[in-house]
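Labels for the chains are A, B, C, D and E, by order of writing; each one numbers its residues from 1.
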Amino acid sequence: MPLSWLVLLVLALATAGYFVGRIRVLKLAGGDVRALHSLPIYYGTNVALSTAVPALVVVMVWLLVQPTLIERSVSGMIAPEMIPEGSNLNLVMSDVRRVADGLNTAIAGGAMSLAEVEAMDATVVDVRARLGELGVALGQNVRPEVLAAAKSYRSAAVTGNTLRTLIVLALAVVGFGISFSKTKPDYRARNVVERAVLALLMAAASLAILTTVGIVLSMLFETINFFGLHNWRDFFFGTTWAPNFRGDSELSILPLLWGTLYISFIALLVAVPIGLFAAIYLSEYAGPKTRAIAKPLLEILAGIPTIVYGLFALLTVGPLLVNMFGQSGSLGLGWMSGATSVLTAGIVMGIMLIPFVSSLSDDIINAVPQTMRDGSLGLGATPSETIRQVVIPAALPGIVGAILLAASRAIGETMIVVMGAGAIAKFSANPFESMTTITTRIVSQLTGDGDFASPETLVAFALGLSLFVLTLGLNVLALYIVRKYREQYE
Amino acid sequence: MTDATQNTGAVAPKSSLHTLDARTKRRNAAESRFKFYGMVAIGIGLLMLVTLLTTILSKGTGAFTQTFVTMEVELLETKLDKTGARDLEKIKKVTTFGYAPLIKTAFEKTVEAHGIETDLKSKAMAKILSKSAASQLRNYVIANPDQIGQTIEFRFLANSRVDGYMKGRVTRDSIANDKNITPAQLDFVDQLIAVGALKKTFNIDFIIGADASDQRPEAAGIGVAMMGSLFMMLVVLALALPIGVAASIYLEEFAPKNWITDIIEVNISNLAAVPSIVFGILGLAVFINYMHLPQSAPLVGGLVLTLMTLPTIIISTRAALKAVPPSIRDAALGVGASKMQAVFHHVLPLAAPGILTGTIIGLAQALGETAPLLLIGMIGFIASNMPETVGEGLLSPNSAMPAQIYEWAKRADPAFYERAWGGIIILLIFLISMNTLAVLLRRRFERRW
Amino acid sequence: MYDTEKLATDVNQTETKISARNVQVYYGDTHAIKDVNVDIDAKAVTAFIGPSGCGKSTFLRCINRMNDTIDVCRVEGDIKIDGEDIYDKRVDPVQLRAKVGMVFQKPNPFPKSIYDNIAYGPRIHGLAKNKADLDEIVEKSLRRGAIWNEVKDRLHAPGTGLSGGQQQRLCIARAVATEPEVLLMDEPCSALDPIATAQVEELIDELRDQYSVVIVTHSMQQAARVSQKTAFFHLGNLVEYGDTSQIFTTPQDERTESYITGRIG
Amino acid sequence: RDQVQVAGSSTVLPYASIVAEAFGENFDFPTPVVESGGSSAGLKRFCEGVGENTIDVANASRKIKDKEIKACAEAGVTDIIEVRIGYDGIVFASDINGSGFEYTPTDWFLALSNEILVDGKMVANPNKTWADVNANFPAQALQAFIPGTKHGTREVFEDKVILAGCEATGAFDVLLAAAEGATDKAKHKAAEKACISLRTDGVSVDIDGDYTETLARIESNKDGIGVFGLAFYENNTDKLQVATMSGIVPSTESIATGEYPVSRPLFFYVKKAHIGVIPGLKEYAEFFIADEIAGEDGPLAEYGLVSDPELADTQTAVADEAVLGSNM
Amino acid sequence: MYDTEKLATDVNQTETKISARNVQVYYGDTHAIKDVNVDIDAKAVTAFIGPSGCGKSTFLRCINRMNDTIDVCRVEGDIKIDGEDIYDKRVDPVQLRAKVGMVFQKPNPFPKSIYDNIAYGPRIHGLAKNKADLDEIVEKSLRRGAIWNEVKDRLHAPGTGLSGGQQQRLCIARAVATEPEVLLMDEPCSALDPIATAQVEELIDELRDQYSVVIVTHSMQQAARVSQKTAFFHLGNLVEYGDTSQIFTTPQDERTESYITGRIG
């Protein structure tokens, strides 16, 4: 039975279980819901879950395990000497799989009978041509041992699938049966279902941990390689970033870190006040109509591709700033020489981040109970005093969350920095100079032309991991601050 | 307890409500300033939006029209099927290069038929067509081998320079050093316009078509990439929203408040700060190298973007859950609802606006993200066909809108630049329609208590 | 409007419904309830009285474990309902709260329609077979909450748009709708006018035919009118507990007496 | 997997996409997927192993390095077919309406190097305008947009322009004399390094993006001179004017003959083990370097690729599936 | 604890502080206040009584324009304070509310410390010159709110962690701290025990030396004790308004009489 059918069947059984469970428990209770421990839907859900969850888990495990098992047994048929020069077992096996798939297609399409397939002999029939007619493309002619392996692969798979179908269906039926027999009015169905839901919720939360582990693992190995090739002291405490194709580059994170913090800081300097004031205006002053229109409009800012912002920085904001602060600028200050600068990138990034702050804060501010505002207004506070001293503090955790999100995005942004801030790593306090960030360096070293095993490329991983640790520190700090200033309303 | 003081009367002298005292004036000034800042903030935001949108629109609308040349082509049997057996295999042997002569001949005929006078050689005339013309012919012939020998009217794309000329991007001055087109060819284009054989019309292929190579900007479309984005968004929505909300509910409502949950909490905020390309590294390692999912597949892209979007959704959902007053939970628990019921029946609906905002912002980010796609092979030249089934949509190689736009923006021919902006328009329309749904939903859940 | 006769006859013939032993409650470091022992009768009304801040609400919230929801709150000691320890691990607080209903001190209607406010409990407990049944429960509960007449035309208006007293009655109706065995009412009449108060008292009186009712009140008169037993709390201590008539006529403790004789409200 | 999977250099990408498109049109195989991402990333994925979940072809704008071949071998990728498809010309161009330039490597060294030789001593580069660099040039402010350190073009620029200029001005000898190092080789290296260290005062701007970004920079700063690929320039002749190098105008012809000095070879690498397994792989490789595609009149040359004078050799090598190390 | 003599002497010698003419209030389509005309005296206490939901809070909130914050609420008619129309365009609601303080029906402490809850008003109105001054104001207000003793050791604990009655007194103290000329109190003693009630009533009595106080109450006794004038509302109408003594002894309107004679709470 094809997999999709099997899954559908299990789901159908589960659906049936849902109704059967409901009906049964109601019947046992003589139609009186009050006699039940839980609502009928919980009994139904319990049966449905007991039917579907174990069965589907087995399907999943099976899908992961069966190919490995079959592969192992079939690959025994391919003697090492049969593997062509330069190839490996892996490749031969993918050929085997492809042929087996082709045979299956042929049988399913009715082009060949099972017996025909079994009798097919690669020394006699041109399998490639035969399958080619059926629309199965093969890269190469099929050798006899491959065909033989493919046949046994196919039959093993067929057996496996049959077994899978049986076991899964049996499990579903058993699950159905057990939960069905448990379905009695005093069975604590709600508790069971809720425990299952809680397990799901926990699983969802632990995904974050898994992701972190994945990220660390996927970078750790290469980072270690990097530190094998490059002095860690130079990386952490050096002052110059100058990758070079000839090797012995100076790769220090510090100037990049400085650029990252500086640019993010300016971006937040733009985004936080604008976003926060926008949020305040939307939730506290604007009429429902204005709010309904302005908020989604601002949200578009978050969805404009960053390449547009990059071009905007390069072609509009940069020249504008040069016109003001440049040598022949309107202010005649001569502070700025090129269009790319920390300020250019910071401002443009800030604009992109406005909705991160405004929309989230607006929701949180809006959720502060009206009685808080009434309390303050009733004392003769102006709306702005109310907002600053009562509403914002009450909404602070959410607002900090929004700002952190914006900061995170600022740290992770590449395109705007590349186009707006330039690619030079340096220490300077002058916001009119070009600088660059860790993230952009990660991207460019990773996509660059250097030798992929060289420190110039591997440094990307070290940068990534260091940034990870760094932001972790910042987040701990933020958590601590929020905890300290949290105000809980009733 | 009667410690009323005598000076209370002195503090509050009777004052008219109609005249503002100095302090109130000051406070009111602060108030108007505050409100003004709010308006300025919105103003700045909207101004920037308008600036960006007008830039995008002014640069991108050109991509929606395209120049076509209509003419009759005789499908010469001598060129296409020398044996005359109509054997498809044989016909297929004739490559697109073999169709070039048909087009040249067709031009000669057209010039003759319309009485156009020109010194151009037929090869030079044929150059005003897109390189896709030959493949268009070949595809037609392979689909209708019986038509060989007939004369059929075709509508061919003009090449990007001619199209640029029609759109004003290319002028006789600007092509002085251009080896792709000559003034004489432009004269010829003018003549074709005069006889109505060359026209600029709406270009549906841009919206539904696939990418084309660097030499054929005029044939490139964003439709297939849009499907790629659509399938990725479906994956993200189907995974990130439920998982994100579930994780937030667990952390905010059920998790014991201890160091483990603190770690998870910090962890999640930290994931938000992980540069998106790192998620690409992760995706490559986990989904492609470890789990053997196909390369360049929207499924993998969707999974990577899901991981990237999760922190955004979780952070906003948690903030929204936190903002629901505890008295609501008390009320539900008090009538005998379980914690789960209290959360799902009361808290979650009240937190829905914040959740939807997180979703809007998370999806917007996911929709516009390119960097992680680079590592899982969704950026480059991926000219697939429109996926026909959901499975194909998820698994067969595809690109995504932002990746396509990013690619176009890099390409040398300025015609691609116009398409990149056109692509941005489509992306924004996609985004706005996605947002509209969420915004409408959010409006339904908004209330103050 | 309420029958005073009952008062005399019912006392002393009841069994214990709730029994608390050595109950201590802490909010962080604050010791809010100090070593309280009390037996609350079934099918009777018990009044908790005492000065503001003495711990009445805190103790009341222990009885249906609503204190679980306050992070800093810690409860020690035993509380048994029908002989079963409610702080036992095996006890599902949900089931407990279905059995022990509560009206909170501050009215907290759901931000939903009036109808849904009432229907919520019956829905999750499966008390109604169908829509008509539910409609009936809602109407009956609202009537018992003495608010039916005021809201019958606006059942689908939000419950949060009601006046203070109306919200309070809505919350009473909501608690009654789930038919709890024990009903805890924290100052249920504080925002009610005399007539509404009388109606609620009538309801309480009616409830005690089948259920236990515990009521926190600041009105000595109310306590005297509706309750059979009265507990007087002071600074977290249960100072005196006994038959209402006895507490109000011959208090044993000095503090009780001084509180009662300041009889004003 | 039915389609050929290609990844790698963004410089090769346009050519590969032209080929892939034509390949898809003319063969029954599906259009290959050509990912970009850079030579290094492409080779890295290429060397991850053999099997369907790895790529078949890596494009590179440079030769594969020995270290990479080793890493490949460790992952089981042993037989690699190297295919050189032609050359990428690198040109210097400025705004179409500005003044034109005729450069020599010396000019660039004097314009961008951190230190230059003045009266026999290395001093911090004092030049502010092109006129300071070369009296024949206009007094236009110095502003160069050069490829960032991630780009292979940067290496070519350093080697063939800056280093050449360094040697021509005699600065190299001075630096070599002053260089510290144990061996001659180390000294040489130190001197080279000193030669190619560019000034950081904003005159020389690294571009990490693409040529479109360089073009955008020139549009926003008309004084700027940018480094471009020949193909890019040829598609933007309406906005850019090209500068000569040592008197030679860059074109596919002048580069093919070797007259114009600044260019680099482009390659792609094929995993031999995948030939026969991935349908169409060999056909694709052969099609790429077929005369009608990569020849002098083929679409690649038309687009700006400098076709390889030794294309015929390459064709036979591919036909024979000659792997790296066997014939080189 | 409160002097009943004042009651008799003060009446009739006062000037009008607030005068309302033809006031109508609508919540959307609901007509909540119907054509109310009333003159409220300066330096006197006026009580609003009436059944729950009759519009007392609504009318009270009109007097300091707190109804402005409810979107669906619409107020028509004239309300004058000291002869000045408060709905006039020139009137700044902020200044109005500084002059007309309010204690809400549901206690709504800010999620801040107890100290900051009280200090909030004085800070925004600049009533304190320095920290010491502010400390003094806070202490004095808390004392007047009859809650000082209970909270003096935990001034920096959050105001939301107080008991219901404590919160109510905190809100009273908060309102008093800004020294308003008119104080509107919506059931200020609903959650208070008799002693605390007495203290608040004493405060009210003290306040009327200088200010006008309007108090909503359900307790007829309280109205009789503290107020000089009483207004009886019914279904949005002001049914009767007059001297408290007169209303409680010889009500003119039948409805008033029947409400008063149901005298229970």
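Just so it is clear, contacts are C-beta pairs under 8 Å (C-beta built on N, C-alpha and C of every residue); 3 or more make two chains touch, one makes a residue touch a chain.
Quick caveat, the model's predicted, so the values are computed rather than measured.
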### Query
How short can a path of touching chains from chain C to chain D be, counted in steps?
2
#### Entry: Intersection of contact partners for chain A and chain B
C, D, E
### Mutual neighbours - chains that touch chain B and chain C alike
A, E
### Message
By Cα centroids, which chain is closest to the centre of the whole protein?
### Response
A
### Query
What chain lies farthest away from chain A once each centre is taken as the mean of the Cα atoms?
E
### Task
Select, from all pairs of chains, the pair with the highest number of C-beta pairs in contact.
A-B
### Query
CA centre of chain A versus CA centre of chain C: separation in Å?
50
### Whole-Å gap separating chain B and chain E, where each centre is the average of the chain's CA atoms
59
### Message
Quick check: how many Å separate the C-alpha centres of chain B and chain D?
### Response
31
### Message
Centroid from C-alpha atoms only, then distance chain A to chain E, rounded to Å. What do you get?
### Response
56
### Query
So which bits of chain B are touching at least two other chains?
27-28, 31, 284, 326-327, 338, 350, 374-375, 409, 449
### Query
Which residue numbers or ranges of chain A touch two or more of the other chains?
190, 370, 382, 385, 446-447, 488-490
### Message
Quick check on chain D: which residues sit in contact with 2+ other chains?
### Response
10, 28, 37, 41, 52, 209
### Chain pairs in mutual contact under the definition given at the outset
A-B, A-C, A-D, A-E, B-C, B-D, B-E, C-E
### Message
Using the touch definition from the top, list the residues of chain A that touch chain B in their complex.
### Response
190, 194, 197-198, 200-209, 211-212, 214-215, 217-219, 273-278, 280-282, 284-286, 292, 294-309, 312, 316, 351, 354-356, 358-360, 362-364, 366-370, 382-385, 387-388, 395, 397-398, 401-402, 404-405, 407-409, 411-412, 414-415, 438-439, 442-443, 446-447, 461, 464, 467-468, 471-472, 474-476, 478-479, 488-490
### Query
Quick one: in the complex, what on chain E touches chain B?
81-82, 84, 86, 88, 90-92, 94-96, 98-99, 124-127, 140, 143-144, 146, 179-181, 199, 202-203, 206, 209-210
#### Entry: chain C - residues contacting chain E, complex
27, 49-53, 55, 57-58, 105-107, 150, 161-166, 168-169, 186-187, 189-198, 218-222, 259, 262-265
### Query
What part of chain C is in contact with chain A in the complex they form?
92, 94, 106, 124-129
### chain A partner contacts - residues on chain B that touch it in the complex
27-28, 30-31, 34-35, 37-42, 44-46, 48-49, 51-53, 55-56, 242-244, 246-247, 249-251, 254-255, 262, 264-279, 281-282, 284-286, 307, 310-312, 314-316, 318-320, 322-327, 338, 340, 350-351, 353-354, 357-358, 360-361, 364-365, 367-368, 370-371, 374-375, 402, 405-406, 409, 420, 424, 427-428, 431-432, 435-436, 439, 443, 446, 448-449
